[in-house]
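Below: one structure, written as structure tokens.
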Amino acid sequence: MTQTTESFSVSVANVRKAYGTTTALDDVSLTVQAGEFLTLLGPSGCGKTTLLNLIAGFVQPDQGSICIDGESVNELPPYRRSIGMVFQHYALFPHMSVADNVGFGLKMHQVPKSEIAVRVKAALEMVRLGQLGERRPRELSGGQQQRIALARALVINPKVVLLDEPFSAIDKNLRAEMQVELKQIQQRLGITTIFVTHDQSEALSLSDRIAVMSNGQIEQLSAPADLYRHPASSFVASFIGDINRFPCVIKARTETTCTVAMADTLLTLPITHPALSIGAAALLFIRPEELTLVPSHSDAANLGTGQVDTHVYQGTHVDVYVRFADARVLRVRHPGWQATSLFALGQAVGVQANLQQAFIFPAR
Amino acid sequence: MTQTTESFSVSVANVRKAYGTTTALDDVSLTVQAGEFLTLLGPSGCGKTTLLNLIAGFVQPDQGSICIDGESVNELPPYRRSIGMVFQHYALFPHMSVADNVGFGLKMHQVPKSEIAVRVKAALEMVRLGQLGERRPRELSGGQQQRIALARALVINPKVVLLDEPFSAIDKNLRAEMQVELKQIQQRLGITTIFVTHDQSEALSLSDRIAVMSNGQIEQLSAPADLYRHPASSFVASFIGDINRFPCVIKARTETTCTVAMADTLLTLPITHPALSIGAAALLFIRPEELTLVPSHSDAANLGTGQVDTHVYQGTHVDVYVRFADARVLRVRHPGWQATSLFALGQAVGVQANLQQAFIFPAR
Amino acid sequence: MDQLLRVMVRVVIALTLCFVALPSLVVIVTAFNDKAILMFPPTGFSLRWFERAITYDDFRRGLMNGFIITAWASSLALVCGTLGAVVIERYRFAGRRWLEAILLSPLVIPHFTLGIAMLILASAMHVERTYSLVVLCHVILVLPFVMRSVYVSLKNIDPALGRAAASLGATPLQCFLRIDLPLLAPGLAGGWLFAAILSFNEFTATLFVTGQRTQTLPVAMYTYVREYADPTMAALSALLIAATVLFLLAANRWLGLARILSIEAGR
Amino acid sequence: MDQLLRVMVRVVIALTLCFVALPSLVVIVTAFNDKAILMFPPTGFSLRWFERAITYDDFRRGLMNGFIITAWASSLALVCGTLGAVVIERYRFAGRRWLEAILLSPLVIPHFTLGIAMLILASAMHVERTYSLVVLCHVILVLPFVMRSVYVSLKNIDPALGRAAASLGATPLQCFLRIDLPLLAPGLAGGWLFAAILSFNEFTATLFVTGQRTQTLPVAMYTYVREYADPTMAALSALLIAATVLFLLAANRWLGLARILSIEAGR
């Protein structure tokens, strides 16, 4: 056992945790490589924060083991685990200056005063707030506070840094900038990072790998592009990115493809899940950017014909919602801004799908 | 005066409001047409919520007049203004059932009991929650509560419905669905709507027109596509959509084009602001999707050559950050997922800009 | 080090608990003594002091007086305290802080002083030591506690609710009656209850403003204790403690203890 | 209709204000009377009752006793109340609600009963009427008020701060000393101050547990009032009111009135 875990920075093995009768984590195992940026992604209540708190030591597992740098930390309290932690609402100490906040961890680790001053200065410069050391946290903006919190967590050179939805309280227009900054610092320091979020676009943009969680279990653990292009379950397909979802029935299948009936249309597409048998109900997923609007009753309209219901303009593209006779609504992405005039509300249009990029999963 | 205001559903003329020494609204005028969906968009503290509260009657203007359906409402208290209002945190009455919440306004307007029951039922069915009438608000999810709040505001047939960041407390994954639903109901009822948000993507997708506000003033009032494609000021360009921004200097200009120097590059592009004189400092804006990565030192690289600094994967596209020798960082949008492998970190690449879609404004 | 601290904390808490609970226990145990002396531990068992406590005339009259005065005082304090809390919480005006300070001042003015002042006032206005005098005195004393309870409940009402009601056509009065009042109800009930307990038990100021006819239970008990030293006092105290505990247990089910004692800390 | 209501509200508030403020004013005015009688309105002006109040030996001794007892009682209550509040707020354990209920019980147990109980206990343990007895009694009485104040302050400390400190290597003790304690300080000061005022003014229970040597100012005042009916009492009360007001005004600058009287409603 020790051999396998030693090569990983953090390893979680068969961890269970229940609160009363609610299972928060159900036999979760996970390994994080040294220097990796791993994200725990899922809706609220999926267990991602519990898992983070278990690694930090704020919560004790009912079962299973947690190792950091190859050593079991099950018996260690949080203050002996050598972790850096960043919280959603910053959790800066309001009665201390920014410099004292950043230096707090060093003081606790009995670093000499002169060295503290040097390291605090370097940490503040790393987050580009070198001139704010004397301020109080409450005088700073949310983005600045979170950068201070990051500096405070990193200055003690932790073995792993844990971030609990650090950007969710920050103004949306500043968030993208903070994300890029975090990623650059993380890459420069090469520090193992575990990041918790419920925001899939944040997870996609930052992570080396993403663990998608649901109901206390890990549904899929993959690199972002794999998750987006090859979701392993209908939950992952629904949760990551925008997607259309339709019930259908399997009519025929070969080794690699299957034919499904959706309303009165027959479609043949690649198989994306092993458990698909003929006659079974299934769910077909296809992303808006894999759909194209074509003239109504065109031969290319392999998904059929409907009426334009709504336009949703987004700057770089327009999402056109097309309503079919059977009340199904499809979201089709059209780049640029012209779709609002090209396809008027109420107009009949055909929808063509790139079925090579469709996903099919058994209906649960 | 009456003639001009009568044709508008809501008209705000020369309104000022100060809190102590802070100016919340500085000579704001605005007209909303009947059936229009108008959004007040801006960062926090820009005055958008104050303006909404002035129209609702919760705040009194220091100066200026407000008309609803051609009649001045300056002297009317909120409960005589015939407005429907939806709040950020739902503001459902916790001690009443859902049906009593929706029926409250009808009761206040002395509608007969039998009619209340019919209209409450219809309103709940409009927001697809017909079966929840007997529940208490706290038993419902955030999305359901906000749909109830919408039904409650609309059931009294107000002259105008005001929405104060109604989706900002709702889970991100549900928000898109709620937005489409709101827009469809609004279009079906043809009701005049004023919507406040700080989320530019929400504003773009829902509005007929958007008033971008900053420091108590309206910076630009246009249709979403105009705002995105023809921003009137550097504030609007920065606030709406993702954009790259660089300082530059005007070297030459004609009637329709100007030539600017940015670092050691000379660029010629269309004029987008009247006040650009030769020798003046200016700001050049260009959107990531108008930039293309080309081989380094290619002739097409009209913005020059830099190194790949970071990839930000977003499912439908990758944003590649390119760092130039002078520390400028450019964000280039590359569709699909392949950019992460096509342009490795540290690799030298050229950047080509579609200068027809660049904006230039005087540096303030 | 940490371990030592943990043990010390436990010891201090255990000692505190002992000392807080001890007096009530001592009184209850003493009440069952069979000798006509206040002595702990008791030397025998008897219920006769309970019998005497229940049948003694002054106590019966004091109990009735106490109920009357308490009911009036708490109810009047509830009305005044609610108005005060609503005005202070909802409106911003010059002198708001002064209004608050004056309404809260009975918390820090000695009951003693209040009693004497009421006495002087009554004699200046040639008023007899009637119920109204006692009620007035108690209203002043319990007002801050009612105000605090209502104030906390008010803070917990989302101000957007009032705006929502107004946008739906409710006048300020309708808004208060249909939205605020129902939502305040538990806070009002808790405030009333706490005020009632305080008023019923008040002794210092009451001593000055009650006459023979209007004396409340604590005053009657004081008079008794100056004449007799038998465990009747203990028996009566035990009965009062039992009644209070039962009362609070019942109220706790409906309102929550934190709300009654106004110790809840906002949302 | 709404207009009428507005007027009524104003009248009730004005009346309430009058009645709350009146007693203190009456006492102060009465103190300046020149006749040796407690009478309102006064018939002449004199400062001699103030002189007597300041020079009367029993009052001087009572004041000193009061300071000693108050200082000890508030400080001990602060330690016990802080521990109690921390344990109740931070840890979830069986019996937590019971611990809370017992620590808060002095709010509803009559001071009268407590005084008698302490008396019985003291005689059972053959303890004299010493300072410790009075201090113990006062600790029990003011404990709930200190607890409330600390409890509210604790609720306002973000629990993430403790976790942040732990992740940075702080042991629970370091965390308490360096994070919790500095953030609690204003709440502790407010709780101590309020407890001190209550303890200093306490009369009912103190009456039973003090002897001639240990009597506090209110007890000395009671003894005086039973012998003399001159305005010395009023003069002393006026001085106490003035001292309290000055004290609170000073404290208000540092802590805020709401915090001292523990009426703030969370964040």
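Per-chain residue numbering starts at 1, and chain names A, B, C and D are given in the order in which the chains are listed.
The rule we apply is simple: a residue touches a chain if its C-beta (ideal position, glycine included) is under 8 Å from a C-beta of that chain, and two chains touch if they have at least 3 such contacts.
From a predicted model like this one, the values you see are computed outputs, not experimental measurements.
Novice: Measure off the straight-line distance from the CA centroid of subunit A to the CA centroid of subunit D, and report it in whole Å.
Specialist: From the centre of subunit A to the centre of subunit D is 55 Å.
Novice: I'd like the Å distance between the centres of subunit A and subunit B, where a centre is the mean of that chain's Cα atoms.
Specialist: One centre to the other, that is 26 Å.
Novice: If you average the Cα atoms of subunit C and of subunit D to get two centres, how far apart are those centres in Å?
Specialist: 15
Novice: Return the residues of subunit C touching two or more other chains; collapse runs of consecutive numbers into ranges.
Specialist: Residues 171 of subunit C touch two or more partner chains.
Novice: Which of line, ring, star, complete or other matches the graph of chains that touch?
Specialist: Shape of the chain contacts: a ring, since each chain touches exactly two and the loop closes.
Novice: Which chains touch, pair by pair?
Specialist: Inter-chain contacts occur between A-B, A-D, B-C, C-D.
Novice: Which bits of subunit B are touching subunit C when the two form their complex?
Specialist: Answer in residue numbers: 56-58, 77-81, 83-85, 87-89, 91-95, 104-105, 108-109, 149, 152-153, 156, 162.
Novice: What residues of subunit A sit close enough to touch subunit B in their complex?
Specialist: So the residues of subunit A touching subunit B come out as 43-44, 171-173, 176, 179-180, 183-184, 187, 198-201, 204-206, 224-225, 228-229, 239-242, 287, 289, 309-310, 312-316, 319, 321, 333, 337, 340.
Novice: Along subunit C, where are the residues that touch subunit B in the complex?
Specialist: 158, 160-161, 163-171, 174, 178-179, 182-183
Novice: Per the contact definition, I'd like the list of subunit C residues that touch subunit D in the complex.
Specialist: 1-2, 5, 9, 12-13, 16-17, 19-24, 26-27, 30, 38-41, 79-80, 83-84, 87, 97, 99-114, 116-121, 123-124, 136, 139-140, 143-144, 147-148, 151-152, 155-156, 171-173, 194, 197, 201, 203-204, 218, 221-222, 225, 233-234, 237, 240-241, 244, 248, 257, 261, 263, 265-267
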